[in-house]
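Presented sequentially are two complexes of chain A, the first with chain B as partner and the second with chain C.
Let's turn to the complex of A and B:
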């Protein structure tokens, strides 16, 4: 399926990132090359489309329709292929009690901004994550309390495993060994052992866990708890045990989180306070709270591979805020579609 | 496949995967929570029957969810339930204790909650009040081991007064049940108008004994008073009678009529009867603890699971059973299975404990009266054209207070409704040591 799309090439000079980068929900990316350009993809929950932003100018360059039924079909969580050239979007409808054809995962090619592929993913898929080898997509299936694994080459589901009620966040560890799935109503993060194809354990985390992201080296996982207002830090190497909690405040209602390319900071979208909490990962303390000029109810947050810009998806102001990590301040707000839910940064590889 | 409360029960066996069982924390003993269901009383009328039905269905759905949750972490959990027979609440509650319940929940009327609160305090066990609103239960008659999930009368009243005053309605007429509770609600409403929401004034009042109708006199009095809002501080059935009298007596449709949201008066059947009794005046706004059409904060999925399970919207009694269970369950769940009364009460009252009522923010209990903080909902009874099915009997209009107010203190925000510590007459601290 191909959608019409206005493409305008942008350019970001000297966009280099060293080492692995972890995106929202734990996506591992390979380093980008000089000349690569970036685009921001924003899932608009109530618009049934994806807004595309050129990071060179921070302007909207188009929108990719996901469904002809805006307000009824909703794109939500997104993830990137390891090379950043494919954006995967989880799509469902607003009636979790009914099974609908729109329960699916949609793959978008960042080079052409066209839909490459669709996977059937029954059970109200809310968020997705990609394996480090780029061969598998994992989804949280919210309505049926499952995690699901899908083979990208065939588009078929190869495993489905039970997690807690209202499955939400999902992430794959950088070594590909573990899939973490959070469950909002059960306060758990389920650890799935990919190699041995089994549930390893269910970890108690904060109240109403939303998203999860791994550290660059994969030894830590960070789980946001929306009602608890906390980030649970799980030591992956110590039998997936919570070793610390960072308290952001009851009102913070954290959702998505992303580790910066240097591994220094964790950026957390504070939906309740319209703020971005920046946690220093060396101390596990809040280093900055970015509020000034922030859009309302940020749920999504991502960072460019060069670490120079942070983007948030703001659901109540239908906007994206652009943050400069140098000043830890908002430098621009961009209008997008209704109900901006999640945001990811895609890579357009340099030619040649 | 969709997850339903029924499907959860079926799949529980599959949850007991050996691999998982080796890794999850162990809870050393069975965890049992006692639920007192409302007694079936045919003479009590159709609204009470709806409460019984909602509570029973809510219990099934609740247990399926929480057994599922418990299995994840290897907890041997069960909800045990009893219904009183012949009004003997204590016998039913004692049965729950005898079966191993570490705490009980119930209380669908003020009398029930009072009786159970006294009994629970004597036994030293936690009791969660699900449906009793009386402020006296939070003040002079407070019980040291009672935790109020049910919003208090003061919370409802502050919400109603705040809403109508902000809507510009200034001339208030009261219909007051001639009872201790009716008078208390009236006095609290007067206080709210004088101290919290300035600008409105009382233009008339009629006191009516329970079961007695005001008839044409009521309608005439309201019209003569030039009231723009009428508040019915009566029982649910009497509110319906008053609505009928007001409409029949020619009170203009521009007059807003609302009533105290007793548990019976938060049911969709009540909304339906309200519209039938008074097609114009009976389609006004009402306050409620829960609304089945809430579409945010995870409530969409929660409401949808219930609708799929039972084919009907989740009403307030079912919601209360779920969250009463959640309070007690999490006291055990987050403490590795500690169920001795003091540990449970310590967890509930710990300022760091957070409870998710599916209302979008973490809530806590007020230390002075053990009332759970929470937002309430404002609904509008739908007109016949819109009320195409049971879910559409009501339209969600607002949230009181609004929870999304960045830059303000969450606890202070929620404490905008209800009684603060300086008004509390409860002198019984929670026995935590």
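Let's turn to the complex of A and C:
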């Protein structure tokens, strides 16, 4: 799927009209700007660093250390600022029962690949999401079964609210009104009303939910269920109700998911089958299963803002697979650090 | 260690199920069998027998006086392990039931008295083997789906391989480690039997997963603190990976929580006769049912309690208060929450009400 292909189909126009594009765990992606280049950021859970890949060549151009204690401190979920120039990484250790200084959110500047800022985020933050205005970070705090909101300007937490046990995925709706937080052990997604500062409801989804992503127009949310092997589709406009489930198969073990910039497909990382499931959002049916040459146990998946490439983080093969959406096939595998967990696309703006 | 294990989790499922194609619907995997729904009570009984044997193995392995934590852990053999199948054993072979109970009580007493229970445990274990034959129909015991489910319980249920290690490392509650070790020893035996009938690719995958789990339980004694391998999530991932292998091997779904409404109804259906048994004074039979219900209510990966705790927290709290009135569990009833002297049937009926409420909140 090339840029030209998208233009012909009118997809790019629709995507740009929507302003921000929502990806894995509701991560905001920037509209395509001529001359922008992209870098892939891979959180290596056991290496305690972030691998950086240049998408022009699909080669590793560096690694950003997160901690000097690899194997003890782990980066996991990531999110992007709306302009794509800052990558936020949730960092914690392997002992969620203890508060440690490493429980934090780290902000990385994509232009320099240096750490800009760190926020204290106690409670073992597992994943993060950014508000559409770029002013807030929201985190799932795994150990304490809470969601947390943090003001980026001050680096302080401004709200903490109760969610299900083993909080996991988090996403902010495109209009900024709702924060969704999934919880693995309670099989729920909690809906937090940002404006009124209250929990609106808990929604039962598939067994062991992991990640959540909103549709481009914000009317739907998609929740992956690892043991259920399903994607629960929540209608945001109908009181946040599950209206359908897409069955990926009991051994699919879906984790991260991302809506493509055209809003046509949902890409889902199937950790159990080492496959990427591509769901047609018009029909809510599986359109493709990408398996050949895939790395092992993909948990992370993301797509470039121009829709030309999909990248997966493969935890068992310590690699990233590059998928061409035009052929729906893997075109390259890239070695990264140990325990590739999540993947995001950062933007390096064109000069001038 | 990490590289080795990460290369193998889930690999077999990939090659066996999905192949290499890219078209979709025909490749969606469903399971033919649902052993926990078909045999919920017999699996619970078998798990109790397995865990009793596991704890006896621990008692046999320790020839010196045990610390209080480990004493408490091993005392569970006389309550939560025996309780899972004692009523049925009494029905099938009353003499053996008495003999086994006497033997187990003697082991627990010796432990509590600070004496070595090693010889007593060794003498009790053949009785456990006989109890297995009496309680579980031989045809069912050799049933592939049944055996896979029992193995899965040993891997991921409370006191099992994964949970035992997690409790030991995480909280820390070190005395949970030996229970996990005992469960692990049985998983080793059961996997050898299962691997013998598995397709080669699955056998290879399962064996490699076992190889990667083994270092977590490389000693039967409590390892020094801190443990050499502290990442309980890694073992949990391996145990669930092994459950996936078992699901593939047995063509069976081993996670009951995939259908919460059905689970709630099944737990209510399983519990209802227990209330009648309590009312009729058949407490041992009733207890078996309560243990089976408890296991699937609290299962961390796939139980009902998780959802209920969020959707109807008062109901979940009531359950957590009522279960300890009937069986031994790590739950503790808040002081005054339940009259522990009230008739068991009242607590049972209270749990029935919870199950009905649970079914409603999960959409049933």
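Keep in mind that, in the parts below, the second predicted complex is superposed on the first by the 331 of 352 C-alpha atoms of A that agree within 3 Å, B and C clash if a C-alpha of one lies under 4 Å from a C-alpha of the other, contacts with A are read in each partner's own complex, and residues count from 1 in each chain.
As a convention for this text, a contact is a pair of C-beta atoms (placed from the backbone, for glycine too) under 8 Å apart; a residue touches a chain by one contact, two chains touch by 3 or more.
Just so it is clear, the model here is predicted, and its values are computed rather than measured.
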item: Fit or clash between chain C and chain B when superposed on chain A; value: clash
item: Touching partner for A:199 - first (chain B), second (chain C), both, neither; value: first
item: Partner chain in contact with A:228 - chain B first, chain C second, else both or neither; value: both
item: Partner chain(s) touched by A:61 [first = chain B, second = chain C, both, neither]; value: neither
item: Touched partner set for A:86, first chain B, second chain C, both or neither; value: neither
item: Touching partner for A:185 - first (chain B), second (chain C), both, neither; value: both
item: Which superposed partner A:165 touches (first chain B, second chain C, both, neither); value: both
item: Contacts of A:286 with chain B and chain C, given as first, second, both or neither; value: second
item: Touching partner for A:248 - first (chain B), second (chain C), both, neither; value: second
item: Partner chain(s) touched by A:99 [first = chain B, second = chain C, both, neither]; value: first
item: From 2-10, 38-46 or 200-208, the chain B stretch with C-alpha clashes against chain C; value: 38-46
item: Contact residues of chain A, present in both the chain B and the chain C interface; value: 94-97, 164-165, 185-188, 190, 202, 204, 207-208, 227-229, 250-251, 253, 272-275, 291, 296-297, 316
item: Complex contact set, residues of chain A against chain B; value: 94-99, 122-124, 142-145, 162, 164-166, 184-188, 190, 193, 196, 198-202, 204, 207-208, 227-229, 239, 250-251, 253, 272-275, 291, 296-297, 316
item: Residues on chain A engaged by chain C in the complex (per definition of touch); value: 46, 71, 94-97, 163-165, 183, 185-188, 190, 202, 204, 206-208, 227-229, 247-253, 271-275, 277, 285-292, 296-297, 315-318, 328-329, 338-339
item: Residues on chain C engaged by chain A in the complex (per definition of touch); value: 2-3, 6-11, 13-14, 17-25, 27-31, 170-171, 230-231, 233, 244, 247-248, 253, 255, 257-258, 260, 300-302, 306-307, 309-311, 361-363
item: Contact footprint of chain A on chain B as seen in their complex; value: 1-4, 7-8, 11, 14-15, 17, 19-20, 23-25, 65, 68-69, 72-73, 295, 298, 300-302, 304-305, 307-308, 330, 333-334, 354-356, 360-362, 404, 406-407, 409-411
